[in-house]
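Have a look at the structure below, then the notes.
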Amino acid sequence: MESQAHPSDRAGLEYASWRTASADALDRRVAWLEEHGHGGTWVPQDLGGGREYEFTDPDGHVFRLYFDTEAYVAPEGKRPVIPVNFQAYAGRGANVRHVDHLNLLARDVRANRRFWEEGFGLRTYEIIELPDGAEAGAWMSATIQGHELIYTQERTSGSARLHHFAYLVDTREEVLRAAEIFADARIHIEAGPSRHTAIQGFYLYTREPGGNRIEVANGGYLVFAPDREPYVWTAEEWATKPGWGAPIPPEFHIYGTPDVAE
Amino acid sequence: MESQAHPSDRAGLEYASWRTASADALDRRVAWLEEHGHGGTWVPQDLGGGREYEFTDPDGHVFRLYFDTEAYVAPEGKRPVIPVNFQAYAGRGANVRHVDHLNLLARDVRANRRFWEEGFGLRTYEIIELPDGAEAGAWMSATIQGHELIYTQERTSGSARLHHFAYLVDTREEVLRAAEIFADARIHIEAGPSRHTAIQGFYLYTREPGGNRIEVANGGYLVFAPDREPYVWTAEEWATKPGWGAPIPPEFHIYGTPDVAE
Amino acid sequence: MESQAHPSDRAGLEYASWRTASADALDRRVAWLEEHGHGGTWVPQDLGGGREYEFTDPDGHVFRLYFDTEAYVAPEGKRPVIPVNFQAYAGRGANVRHVDHLNLLARDVRANRRFWEEGFGLRTYEIIELPDGAEAGAWMSATIQGHELIYTQERTSGSARLHHFAYLVDTREEVLRAAEIFADARIHIEAGPSRHTAIQGFYLYTREPGGNRIEVANGGYLVFAPDREPYVWTAEEWATKPGWGAPIPPEFHIYGTPDVAE
Amino acid sequence: MESQAHPSDRAGLEYASWRTASADALDRRVAWLEEHGHGGTWVPQDLGGGREYEFTDPDGHVFRLYFDTEAYVAPEGKRPVIPVNFQAYAGRGANVRHVDHLNLLARDVRANRRFWEEGFGLRTYEIIELPDGAEAGAWMSATIQGHELIYTQERTSGSARLHHFAYLVDTREEVLRAAEIFADARIHIEAGPSRHTAIQGFYLYTREPGGNRIEVANGGYLVFAPDREPYVWTAEEWATKPGWGAPIPPEFHIYGTPDVAE
């Protein structure tokens, strides 16, 4: 999943982009979207001169698909000593590496999950199912990583909202280090450092000055079995909080961006 | 501080022992205790044939002083490869190394703090002072370690109660590892893993089956300045929770052993 | 890659097994092997009643392919609190999680690399190329993980030899912890702990009592770009040892199992 | 031990300063020095208007003693959120905290060790003794920390030379992180990261541009027993390299500053 920042007058996700495995794969995905009533439009690419297709998921979040891209070349002074690396180790601040996953809020988690499974072959590794059959959360991935795209339940009247996006750091120790940096920089820590029950990544949450929630994340399991079925949590089982049991503040489950004043 | 476990029919601290710097130092401490109205009694040593002096702090906790001791010799099969170590690396369970500090509850924190400062030369590194002038907490040490003996406020009708004792692990990562072990062993985590504001150690709290609260701890600063004064927190400043801000459950400040049903 | 241990009268790899993505994928792979002169034989499965196909790579290492399998169910007492986990956190010894990768020695690294690329779609992430055009090493994977199967140059008269297989631990700290355990257990450390230049995993090498070299490993990069080409090191560039530069003993590049007395 | 940098036209230690426990202690130490033939001179203090006494150890290294000092107050923008800290967490580069210990080379290790033991009450925790009775190394401390001042054998014709000084980082993970930073900054790593056998600290060595060897260090044991005798390694026992066994390059035992061309 590629991420780009665009200036905006309000917080939230303008769009998220996925890179396809090939130019053909891009055409096949667009064909599927158009056949299944999710057709969008081709747009000029922000970076590079290629083509990009914009569409929305069932909850209204905007996504783009592209294949063409231009590899980053580190400028003089940032060249890594090991040439396969993207750039020299920065070692500054929280020292995040790349966007790890995206958590969106959806009024109908199941509909959004099926959209990605059927249209894009994403695999779902964990689901929380409520007593009424609705889903409260779904953790999906295009790879063996436990989560790349997460939907959790929208509990307000809003739609197309962002819960958070996560930046990866190399180790759990670096999540702890980020907490030290946040504390001394007077950046409010919303939750963590602790370990999630779903996918089991190590987390730290804050909000950037614009209001979007950001996670500094490390870990989460990898899935090697080709036939691994999603694990479906009942609400009852989920409520027992198996794991470390660190308390999460109530607004964690409500707040998203754009913010919905209610 | 030496720790020994004795069977008992209820939770709490039977006694804590301090080893003096020399046999003479033991006599000098006993003289001070007797001169200042804290006289106790000589008792036979539990381990070894030496002498041990039993007395109480102002809140009624029982302590012992001794100098004679017998060095532990690791049995065959537990001999460390580096002979200065006490025994081979065990690498089992939470893999705690030794008792790190003791946190007692006191009705009058200041009185207990002064007792140790005046009688034993302990240094106090941090104090929380309430608006009425009473102290809510005091972190003391016989060494450069930020805490070896802590008093925090007794909020029940009890006395001579234990808040917790802490076992040291080598790294913060091992505190996280202990949390994984506790979770899978269905051992309730009362608080943490997180970092304390006072002394800044990394913590994880649980209770042993008998009810005593136990901390798995790492870190906390060392104090090198010979003239470092205690840092005195006002209640107001303390309430801002500078640091990581992880929530602590309310019973953390109430529960101690023996438990006081109120 | 699945690993099973079989008793043998000499060290080395009896065979390594790959699980295919589906039963059909198994048939397709077997068809490719037979079409390309690498045909083997169907054998009864060691575990479970399914079918398994045995064949050799160009250097003579024995492999098996299978799809049928039986999921492990943790016995009472080892059940994990989070049900997606395979079993409760053991926290014993080096606490390895699963086999991470396999490093084989080959007289012709390129031939073996192409075999897996063409027949199985493995991706190669790094290659060392010698001045004469031969390859000294190739790091391959069936996933986004930087290495699952590695070939390095056979420098003796042997063939079908094992260089090492690697067990994964969760963190670099656990690699350090394994070094402590090995030291106190008088288990010789052949190399490490340090970080590799290729794929950049954190390593520790020893040999099990039977003589096979074992790595305790953590890390190594993940590859997200679908069009990432292998990075090809020249021998000259490789010789500069970009990275941490920890010395590797000469026998590391010679010794493999079965051992070849020369 | 306080450290200050002074410009110089060649590498080496200009002087090292110790702060005494009190003004009286300063006078007592000076009296001891003068009584025992090590008398030096009072010099104006570099920082602050106090007095400072300069003298040499038996090998000729220059030391200073002082008590008066001025506490550092972090400027606006570097104020720590927890007021007992010296300044906000920097999180930049190798992120070293403070000077941890000093390793000097001495032609007669024993003479230097006894000088500090007798004159200053330093405790020695480990010694390496050669077959001819000379000492090859001595690890000393003014506190419970395993090492604050180390003497190792001078193997050249030089005298008053520095082997290295060590900066502390908070965790072993930060030593590994420093190695990543050094590698990408093309700073040569002389040894490590690995763990020392003596005192068991985790180390990483490089040289600063002026030529002085610098260690990035974490760990090392603390000594709580008041009657702990130095552990005396025989040369034979030491040669077995109990511990992790990482190779140290030969020049590590020769090179010091000022460099001695031989």
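For reference, chains read A, B, C and D in written order, and residue numbers begin at 1 within each chain.
The rule we apply is simple: contacts are C-beta pairs under 8 Å (C-beta built on N, C-alpha and C of every residue); 3 or more make two chains touch, one makes a residue touch a chain.
Every value quoted in this text rests on a predicted model; they were computed, and no experiment measured them.
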Chain pair with more C-beta contacts, A-B versus A-C: A-C
Reference chain B; chain at largest CA-centroid distance: C
CA centroid of chain A to CA centroid of chain D, Å: 47
Distance from the mean Cα position of chain C to that of chain A, given in whole angstrom: 31
Distance between the centres, which are taken as Cα means, of chain B and chain A, whole angstrom: 43
Sites on chain C at which at least two other chains make contact: 81-82, 171-173, 180, 183, 242-243
Chain contact graph, described as a line, ring, star, complete graph or other shape: complete
Residues of chain A that touch chain B when the two form their complex: 172-173, 176, 179-180, 183, 188-189, 193-195, 202, 242-247, 249
Complex contact set, residues of chain B against chain C: 80-82, 88-89, 91-95, 171, 173-174, 177, 180-181, 183-186
Residues of chain A that touch chain C when the two form their complex: 19-22, 81-84, 125-126, 143-145, 170-173, 197, 200, 219, 221-222, 224-227, 231, 237, 242-243
